[in-house]
Every structure is written in C-alpha cells, then in structure tokens.
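Dropping the structures in below, format is structure tokens.
After this come two complexes, each holding subunit A, first together with subunit B and then together with subunit C.
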Partner chain A sequence: MIRLALFIARKELRIEWRSRVLVWQVLPFSVMAMVIAGLAIGPDESTGRRLAPGLMYLIITLVALQVIGRSHAADDARDTAVSVAMLGIDGGANYLGKVFALFAHLVVVTSALVTVDAVVFHLRFEEVLRGIPFIALSLAAIASAGVLYAALTRGSASLLPVLALPALAPVVMAGERTLTAIFHGGVVSRWVVLLAVITAVYGALGVLLYGAVEES
Partner chain B sequence: MKPLLSRALGPSALVATVATIVLGLFVTPPDVVQGELARLLYVHPAVAWVALYLSLGTATVASALYLWPRTRSMVADRVAEAAMEVSVVFVALTLVTGSIWGRPAWGVWWVWDARLTSTAVLGILTLGYLALRRANDDPLVRARRSAVLALVSAANVPIVHFSVLWWKTLHQGATVFTENRDITVHGSMAWTLLLSFIAFSLDFGWLVRARYRIATSLSTNFDRELDVALATRRTEDAS
Partner chain C sequence: MSLASLHDAVVTAQSFPLLTGVTATFEAGQLYSITGPNGAGKTSLLRLLAGLVPLARGSGTVLGRDLLSPQRREIRRHVGWLGHEGPFYDELTVRENLAFAARVSNIDSHGIDAVIATVGLSSRADLRAKHLSAGQRRRIGMAWLLLRRAELWLLDEPYASLDGSARSLFDDIVAQATVAGSCVVVTSHDALGAKVPVNSLALRGGSL
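Presenting the complex of A and B:
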C-alpha cells in the first residue's frame, strides 16, 4: 500500500511541478497575508510576538483550503479519478498518496510562512526551530483531514470551507497553543497528543472510507 | 395498522415532556446554591444527551449500516438524515439553554470554554452534513458521501465529551456518572432529571420517525414524478 501511495504522491507532485500554482500563486498569497497581518497589528513587538502563532495558523488554514481542493479539481479536469478507479487502485493507497503530496505542498508554503512570521513578529531563531516538529505534526493533521473533506465536497468547491473549517478548528487551536507554549512557556504535551490523535483518527478513517467516497 | 410501539411513541413523548415540565417547574425545590436557576438542569443535560449522543449515535450507526455492503439500504440513509437534522436542532437548543444558564452563573452569554467551543464546532459540522446532502442530486452519491461525513463527524464527539476532563473549563463535570460514583443530585430532583432524559429521548424518537416519513414520502413522490415524466416523454416520442 505504501509503495502505491508513494506512486500516487509522485504523480500529484509532478502535476504541481508542471503547473507551478503553489509557487506562483499560493506562496505569494500566504506571504502577503502575513505581511498585511503584521501591518494591521502595528509595530508593537510584544503584541506581535503574542499573536504570531495564532496568525500563522490562521493563514496556514486559509492556504490549506486553497491547496486541499486543487488535487481533486485537477483529477476531475482530466478524468483521473475514473482512470484510477479502472486501474483498481486501492482507495486507502490513493488517500495516503494524496495526503503525502498535500503534506509536501503545505511544508513548502509553511516554510516560507514561518520565515516571514519570524521576521515580521520578531521571533527568536531557536524558538522557531523548537516549534518545527509541532508545526509538521499540525500539517500532517490538516493533510489527513483535508484530503477526506476535499473528496467529500468534490464537485461543489464552495462547500469545502463549510465542512473543513470546523473540522480543522481543533488543529488550529492545538497548534496555536503548542507554539504559544513554546514561545511564552507552558505545557505542550496535551496539545501534541490531541494533534497526534486527530492525525491518527483522520488517517484511519481516510484509509478505510476514501474508497467508498471515490466510488460515488 | 401501525405497530403499537409506533402509535404509543407520540402520546408517551407528550406525557413525559409535560410531566417533566410540571415536576421541574412546580414540584422540585429550588437548589440551595443556585436557587431557581437549577431548574435548567431538567432541560439542558437531557437536550445535550440527545444532541451529542442519541442523535449522532443513531446517525453514525445508520451511516455505518449504509456503508456496509450487506446492510446497505436507503432506509439507513433516511434514518441517518433524520437523526442528523434532529441533532442540529438539539445542538442549537443545547447552546441556547447553556447560554441562558451561563449569563447569571458566569456573567456572560458565551465564553471560549472547551466544552462550549467543541459543541459549537460539532453543531457547525452537523450543519455541514445537511449542506452536503443538498449539494448532491444523485441519491446514491448523496447517501454515500453523507454517510462518510457522519462517521467523520462522530469522531468529534469524544473531544466534546472529554473536553471537561482534558482542559480547565468553566463547564461543570459529571453530576451523576462521576469517577467515584458519588452522585450529587438526590430525591425529587434526581427523579425529575431522569424523567427529563426519558422525555427528550422519546421526543427525539418521535421527531426522527416524523422526519423519516417525510423523507420516504418525498422519495416516493420523486419516483412517481419521474415515472410520469418518462411516460410523457415516451408518448411524445411515439407520436
């Protein structure tokens, strides 16, 4: 299953590499959103440092909504879903492949976003470094939930935010609390457990149910 | 002829609800600490029980039955839809009654508390379920996708349930099912509380049954209209 998933992920990444939508459209949007957030907050360093984690997760969520639906939209445009179904590719492997690809996309965007966040809101380098594993875990949670919701809302793109935003709310909350705890002191373990559980639950549900959604 | 159980559901729901209102408002004494405000105890927990456990549990089981090939039928899909619609109403009632209690008790209508927030998120997810159903015209696609969403939404119920244990919250913990079985409600208050759970559960059953019948009628009408349309088309083609 993992080999097949990696194959699907490679296909997704190749499509992205050819279209360059992530680099030329999504990345500039995310950076601009962060800069505008910095302008809105103003020059006060302590306010910026306090709000930085929340703003970063808010923008990650908005970016994720843009990226999540793209893979399925591309599939629909080329009738790839039909080809995948006719090839008899396991739904779970297809799901995991899309999750891996979406995770990679989110890592690229978030890397730029974290850098801008650190510069605009005066975060310390070592703080940001300590936060990276937890940010990666949040991205895994967003990717595992996002692919499932994108499949469910296939054909009605305006429905994706309606379903995905409430589902991603616990991820945003746990991610923000984790980074706040790292930057300003506090316990992270509880939030990390929540992020891990969300990733595992959505991952398991996705592997089990994605095939049923795609069949429809 | 309808089965006896089905016929008895409506009257028994009505009797139990009226009895809960009478006992809750006029028979039970006011609470030592909270006074008259404690009478919301006979509404809010029972409404939350229906919203979070009974209706979402019914929708989850019905959705799982739909997804399982051996038990797949449109009956399961309609039951899931009916239960989810009722859940939306009861989640809203849970938040409203909680808010009415929160204003005098905490001094605010709303607070970003873990239990409240997670319940609101679940409410939005159930609304999303209804939106997803309306976004798909094909009954089979609609049934399959909404069944998956119901199962995914159900995964949020443990977050709501354990939120009062996992995080420091303003919302109180369990009153009856406490960790050390130390029940903190007694006498007529305890019996009325139990009756309220029975009454709202019966209300849920009656509402789901009514909604299920509407869904069945709509489906039958749709099939009939489709048959008429096809017959008209065939007649037009033949002539």
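Presenting the complex of A and C:
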C-alpha cells in the first residue's frame, strides 16, 4: 500500500509542479499575507513574537485548504472522476498518496512562511530550528484531516472551509501553543500528544474510509 | 457465455428513474450498440454495468458479481471504460497517464509504447494531455482499452470528436476485441461502422 501511495503522491506532485500554481500563486499569497500581517501589527517586537506562531498557522491552514481543493479539482476535471473511479484504485493507498503530496506541498509553503515569519517578527534562528519537528507534526495532522474532508465535501471551494476549519482548529491551537511554548517557555508535551493523536486518528479513518467516502 | 445480465433493472437518481426496468443479456464475443435519444438512459446503463451506480430495483450480474451486493464495486477493476471526454489527467503526458493507470490497476506497462503507436499518438507521447485535441484525448482512452484488454468494454459515445481515420481505427479495435472474445457495449447517436455483426438495442425513456 505504501509503495502505491508513494506512486500516487508522485503523480499529485507532478501535476501540481506542472501547473505552477503552488509556486506562482499559493506561495506569493502566503508570503504577502504574512508580510501584511507584520505591517499591520507594527514594529513592536514583543507583540510580533507573541502573535507570530498563530498568524503562521492561520495562513498555513488557509493555504492547506487551497491546495487540498486544487488536488480534488484535478481528480474531478472533465471525465477524470469517472475514469479514475474505473481504475478501482485502493482507497487507502489513494488517501495516503494524497496526504503525502499535501504534506510535501505544505512543507514547501511553510519553509517560506517560517523564514518570512522569523524576519518579520524577529524570531531567533535557534528557536525556529527547535520548532521545526513540531511544525512538521502539525502539517501531518493538517494533511491527514484535510484530505479526508476534501473527499467529504467533494473539494467544494465553499463547503470545504466550513467543514474543515472547525476540524482543523485543534491542530492550529496545538501548533500555536507548541511554538509559543518554545519561544516563550512552557510545556509542549501535551500539545505534541494531541497533534500525534489527531494525525493518527484521521490517518486511520482516512485509510479505512476514504474509498467509501469517495464512492458515496 | 453471458458476461452480464440484467433483469428488470431500475436505476434512480434522487428518486428520478434513469432506467425503468431493463432486461438484457450481454454475451462474450459480441458487439452491442445501445441507441436512443438524449436522456434515454444510455450512459446510465453503462454506469450500471460498470458498477458505478447501484440498482434501485431488479437484479443483475456483471462478470459474475451481483449488482445488488457490495461486490459491484469490484466490477470496475475488470472492465474497460471510455467516457465522453477521454480519460485521466490534463497535466500528465500521454505516456504518464497510461503508466499511472497501468500501475494503479496492476497491469503490465510494457506494452504502453506499442498501444500509443497503435492509436497514432507516438509523436505526442510526451505531450501533456491538455495540449491534445478532443479527438486525440479520446485516442488515449483507446490506448488504455488496448492496454487493459478487459473482458467487458463499455464505451460511451466513442465516435464523439473522432475524425474519419480515428473512427476507422476505433472500428478495427472494437472488431479485434470482439473476435478475441470480449463483449463490447457501445452507446452512440451515430450508426456504428462496425466490422463485426452488431446487436442493436434501442433505449427510450429508460427501458429497452
């Protein structure tokens, strides 16, 4: 299943790379949003450092919804939906492939966002480095939940945010709390456990149910 | 040998009847042409045979699988399908599309170049599908049918967007498949230029 999932992920990444939407639209949008947020907050360093994690996660979540919707749109284009359905792809492998691809997309966007975040809000390099594993875990949670909600909403641009945002709220909160704890001191373990549980639960549900949800 | 049979098959969409009691048998090595006006239920019949939609009433089996059971979802793994627009992903090349379909369907991909040549797309094998004309996109679908070598072929308006030479090529492919023992079910507004005997079935208002 994993080999098939990686093959599917490669297909998703290839399609996204060739469409250039991530590079020319999603990345500039996310960077601009972060810079504008920085300008709006103003030059006060302590305020910026306090708000930086939350702003970053908010933008990551919006970007994730965009990318998830696009991935689903590619499968729904023209006759593709029926043709792909007729291939009888294993639902679990398809889900994992899409999760892997979305995770990779989010890593690219987040790398740029973290850099901008650090510059705009005066974060220290070693703080950011310490936060990377936890950010990666948050991205895994967003990807595992997001792909399942995309299937539930058929990638609808209006319905997906309405259903997925409440579901992603715990991820955003846990991610924000984790980074805040790293930047300002505090306990990260309970938030990490929460992120791991969310990733595992959505991952398991996705592998088991994705095929049936797509079918319905 | 019967590959598919339907008895008083009813298919609905949001309570609207798309098929209103179809009884038919589809034999191996035979070509079936389903004709009828728009909305007669031609595509719904193909989708039923493909296991894409459930039976609301009646009974049926396709390739030994009961259409009333969850087994119907397995049918699609064993049939060849050609839809209206041609298959798969715009951003992948002809070759990549076929390689993807072969890999996820556990089909040997060694014959990809041969089937691309057969359908006349060799010079465009590395061109993305979105840069192909509608007719060329349908040729990708034909290539996939050849690669898949399914027992049951379900072809929805296969002549759409095809020029004369592509139609002739399509007729050859269908004839070869039929002679090789596959059952080919075609919906079409146009008369088939078939090179093998055709079993014609007329659909009207959801029934034959």
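The criterion applied here is as follows: the second predicted complex is superposed on the first by the 210 of 216 C-alpha atoms of A that agree within 3 Å, B and C clash if a C-alpha of one lies under 4 Å from a C-alpha of the other, contacts with A are read in each partner's own complex, and residues count from 1 in each chain.
The definition used in the following text is that a residue touches a chain if its C-beta (ideal position, glycine included) is under 8 Å from a C-beta of that chain, and two chains touch if they have at least 3 such contacts.
The shown structure was predicted, so the numbers you read here are calculated from the model rather than taken from an experiment.
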item: Touching partner for A:Arg190 - first (subunit B), second (subunit C), both, neither; value: first
item: Partner chain(s) touched by A:Thr153 [first = subunit B, second = subunit C, both, neither]; value: first
item: Partner chain in contact with A:Leu163 - subunit B first, subunit C second, else both or neither; value: first
item: Partner chain(s) touched by A:Gly88 [first = subunit B, second = subunit C, both, neither]; value: second
item: Touched partner set for A:Leu205, first subunit B, second subunit C, both or neither; value: first
item: Touching partner for A:Arg14 - first (subunit B), second (subunit C), both, neither; value: second
item: Partner chain in contact with A:Thr80 - subunit B first, subunit C second, else both or neither; value: second
item: Overlapping contact positions on subunit A, where the subunit C interface meets the subunit B interface; value: 215
item: In the complex, subunit B residues that touch subunit A; value: 67, 117-118, 121-122, 124-125, 127-128, 131-132, 135-136, 138, 140-141, 144-145, 147-149, 151-152, 155-156, 159, 166-167
item: Subunit B contact footprint on subunit A (complex, rising order); value: 148, 152-153, 155-156, 159, 162-163, 165-167, 169-170, 173, 190, 194, 201-202, 205, 209, 212-213, 215-216
item: Touching residues on subunit A, where the partner in the complex is subunit C; value: 4, 7-8, 11, 14-15, 18-19, 74, 77-80, 82-90, 93, 215
item: Residues of subunit C touching subunit A in the complex; value: 47, 50, 52, 73-74, 76-77, 79, 81, 83-92, 96, 100-101, 103-105, 128, 141
